[in-house]
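Two complexes, one shared chain (subunit A), two partners (subunit B, subunit C).
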Partner chain A sequence: MFFHIVLERNMQLHPRYFGRNLRDNLVSKLMKDVEGTCSGRHGFVVAVTGIEHIGKGLIRDGTGFVTFPIKYQCVVFRPFKGEILEAFVTMVNKMGFFAEAGPVQIFVSNHLIPDDMEFQSGDMPNYTTSDGSVKIQKDSEVRLKIIGTRVDATEIFCIGTIKDDFLGVINDPTTA
Partner chain B sequence: MSGEEEENAAELKIGDEFLKAKCLMNCEVSLILEHKYEQLQQTSEDPMNQVSQVFEKSLQYVKRFSRYKNPDAVRQVREILSRYQLAEFELCVLGNLCPETVEEAIAMVPSIKTRGRAHDDEAIEKMLNDLSLIKRFE
Partner chain C sequence: MSLVTDSPVHSSSSDDFAAYLDSALDASSSDASSEEEEEEEQTENQDEDFKSMRAKRCKVESIEEIQGSTSNGLIEHNIEASVNVDVCTHPGSFGNMCIRCGERLDVESGVTFGYIHKGLRLNNDEITRLRNTDMKNLLRHKKLYLILDLDHTLLNSTQLIDLAPEEVHLITQADSLEDISKGNLFKLEYMRMMTKLRPFVRAFLKEASEMFEMYIYTMGDRAYALEMSKLLDPQREYFNAKVISRDDGTQKHQKGLDVVLGLESAVLILDDTENAWMKHKDNLILMERYHFFASSCRQFGYNCKSLAELKSDENESDGALGTILKVLKQVHHTFFYELQDDLVDRDVRQVLKTIRSEVLKGCVLVFSRVVRTTLQALWKMAEQMGATCLTEVDPSVTHVVATDVGTEKARWAVKEKKHLVHPRWIEATNYFWQKQPEDNFTVRKKQ
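Here is the complex of A and B:
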């Protein structure tokens, strides 16, 4: 789910940026620094949308750098266990399939794909029901439930399932 | 990490910080990101180079999975859903997935039935009807 939240950060600014454009410099450095980053607590920072408050700068002893505490609003994407969302399939293999929902990758293992769907290899590997009515392949859109998340330094990785009511393919690229 | 273990969106356990935060539906994120992208286009020649991969992927994703395209409809969806005493998170899941039946809505947002709120099937049905009306007249 996407959220609009307020975060805080202490920004260090080199003295060469001091002057009329100090604020602009500070804001553009903030965007460069935080956009695209990911933390386990807040998820992926997608975009800074506004600055709430810039505190008084504090000159650091020994260097000329000044530290500014900044409160800023941003759009973040944070997946939660138990959350249901839509994603598109990026890769299918006999272990299961990978899907993407925004910046996050979700793996659905073949144990978590309904039992009546079987893996078909070929140049377009896919999972298909025995009557061929439902097919999951690259670029299919699926609705899935996140059942686990793993956080590492720069990424959040999710495990999902489509073995539940109202989950599964919502749009097949071949029939659409 | 103990807090991490307990999180469960189905029971609305998403941590205090996010529970109080403003959730965004995909269609809202799409409006925000596109606006930002347009601004970037005006200031630099190659905006795709300026944005992070996270931004790019999110924009693609929300464009693909937005149920409502026009800004007025987006506003209406939020307005209508906010009449039903939903938590922000529940509101956005409903707005994103647009369930068609009461059963589906409860499967998508199990917490809707708990917490002692007066959400009987009729109320949910009415809510879903209102939602589908917006879609139809968009």
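Here is the complex of A and C:
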């Protein structure tokens, strides 16, 4: 799920960046630092959308670096247990398949793939129903349900299932 | 049971609802049971959520009541439901979560499969299950597994700084990295390396991929292994997530089949180092080492010129890979078309052994002046290839293996017109799986 929230961060800036562009420098450094990172609490920071407030700088003893407290708005993404997500399949193997939704890595094991879908090996491994009407392979788009999540400092891992009503392939690259 | 009053099913004790449920249950009892299962599954998923679980149990209970079963059945059902809650055996984990129920697992167990995806682990039972299902699938496609080593088997690499003076010209001759499938000599600038693919390797991989599901298994590190797999397989059609490096093995300085998702009875291994496969020697086809660069010769203590220094190379079609491909074809053919017993019971190790024992069939060898340490290895090698080894000469002897023409046995061989060959004859025969012409391995007089 996406959230638009306000976060805070203390930014350290080298004195050479001081001058009339101080604010721009701070903001671009903030974007470089936080966009694409993860936190267990908020999930993945997708983009900084605005600055709420930049506090007074504080010179750090001995170094000359200055610390600015910044409040900023950003869009974060965090998956939840029970959430339905749409994801791209990145790898298919005999254990199941891996999919990606943005920064989120999702694994769907073959226990959680409907029993009528069978693994087919070859140079394009896939899971196919016995009548061949549905096929999951690399680059397929699937709708899945999250049944477990773990958010690390840099990565988000999820376990997903497609063994439920209205889940499974939503877009097949071969027919598109 | 304070929740009972909240339960929507229970509150409707009115007759019409009971009748409706009754009829619905009768009409499609299978549907109903699957619904119940689903309910239980959901319960499983939300195991911490005690509230909902209890509410659901009440629901199950009330359905039972409506169906009019005995209190015994009711208890049984309850037990079943609660067993189902903790029934997940956690067959494996991904990022420390069970791959089946999504529950957080604190204890790390099972084997890591980092080469497939970061953070993936599988338990032994699950590995066995996957191997067995995969085996059926594979046999249906008439395929076996083939594990390939990289260095000295499929290619030869060297650090740029280790290039011998006569080899430096190769840097300018390296093929472009833009069209990998056409070249065979590459300079990898950022790894500071040069890599030469063994002649015939592309045709070899293409033909082998029709008979085998192929893995790469190297003692190099992960980055190197992936880079090499890109050179060998630029279209990524052979080794999709099947590149195993030393970082993925379970034992130091050893290669093992425990991280390969294939039954041992269907795996063939191609490697130049026998000692890396202590536990799986029966699966191994030993390769003659490919030394293209001088640094690689030095590494193994050879003083001879490298192929690059001599500006030569192995032969395309009857070099080492071409020869081994023929052996692989023979093994594959024997496994699928010549054995009589049930497909599942067949063992590729047995097939390999039989084929090997045909190579020197009918030869009777006697060794003369061979150093004791190498003698043992040669003796074993010759016997595996079906030869008979004797300690003393007798009329049945066909070959005398000696390092010197002056020994008594060697002189006897010349007098009796038997083959007098150098020990290298056995080694070459072992690599080529074919009796080598004895004339190429004559023993020279020592100076």
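Here is the rule we go by: the second predicted complex is superposed on the first by the 176 of 176 C-alpha atoms of A that agree within 3 Å, B and C clash if a C-alpha of one lies under 4 Å from a C-alpha of the other, contacts with A are read in each partner's own complex, and residues count from 1 in each chain.
Methods note: a residue touches a chain if its C-beta (ideal position, glycine included) is under 8 Å from a C-beta of that chain, and two chains touch if they have at least 3 such contacts.
Note that the structure is a prediction, hence the values are computed from the model and not measured.
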Partner chain in contact with A:F44 - subunit B first, subunit C second, else both or neither: first
Which of subunit B and subunit C A:F157 touches, first, second, both or neither: second
Contacts of A:G148 with subunit B and subunit C, given as first, second, both or neither: second
Which superposed partner A:F2 touches (first subunit B, second subunit C, both, neither): first
Which superposed partner A:L13 touches (first subunit B, second subunit C, both, neither): neither
Greater residue coverage of subunit A in the superposed arrangement, subunit B or subunit C: B
Subunit B versus subunit C as contact partner of A:A99, first or second or both or neither: neither
Partner chain(s) touched by A:S109 [first = subunit B, second = subunit C, both, neither]: second
Partner chain in contact with A:K81 - subunit B first, subunit C second, else both or neither: both
Which superposed partner A:L30 touches (first subunit B, second subunit C, both, neither): neither
Where subunit A meets both subunit C and subunit B, residue numbers: 81-82, 146, 149
In the complex, subunit A residues that touch subunit B: 1-5, 35-38, 40, 44-47, 49, 75, 77-78, 80-86, 88, 100-103, 141, 143, 146, 149, 151, 164-166
Subunit B - residues contacting subunit A, complex: 4, 7-11, 13-14, 17-18, 21-26, 28-29, 32-33, 36, 51-55, 57-58, 61-62, 64-65, 89, 92-93, 96-97, 99, 103-104, 107-108
Contact footprint of subunit A on subunit C as seen in their complex: 45, 91-92, 94-104, 113, 116-117, 119-120, 122, 130, 133-134, 137-138, 141, 213, 237-238, 240-241, 261
Residues of subunit A defined as touching subunit C within the complex: 81-82, 91, 93-96, 98, 105, 107, 109, 111-112, 119-121, 123, 125, 146-150, 152, 155, 157, 159
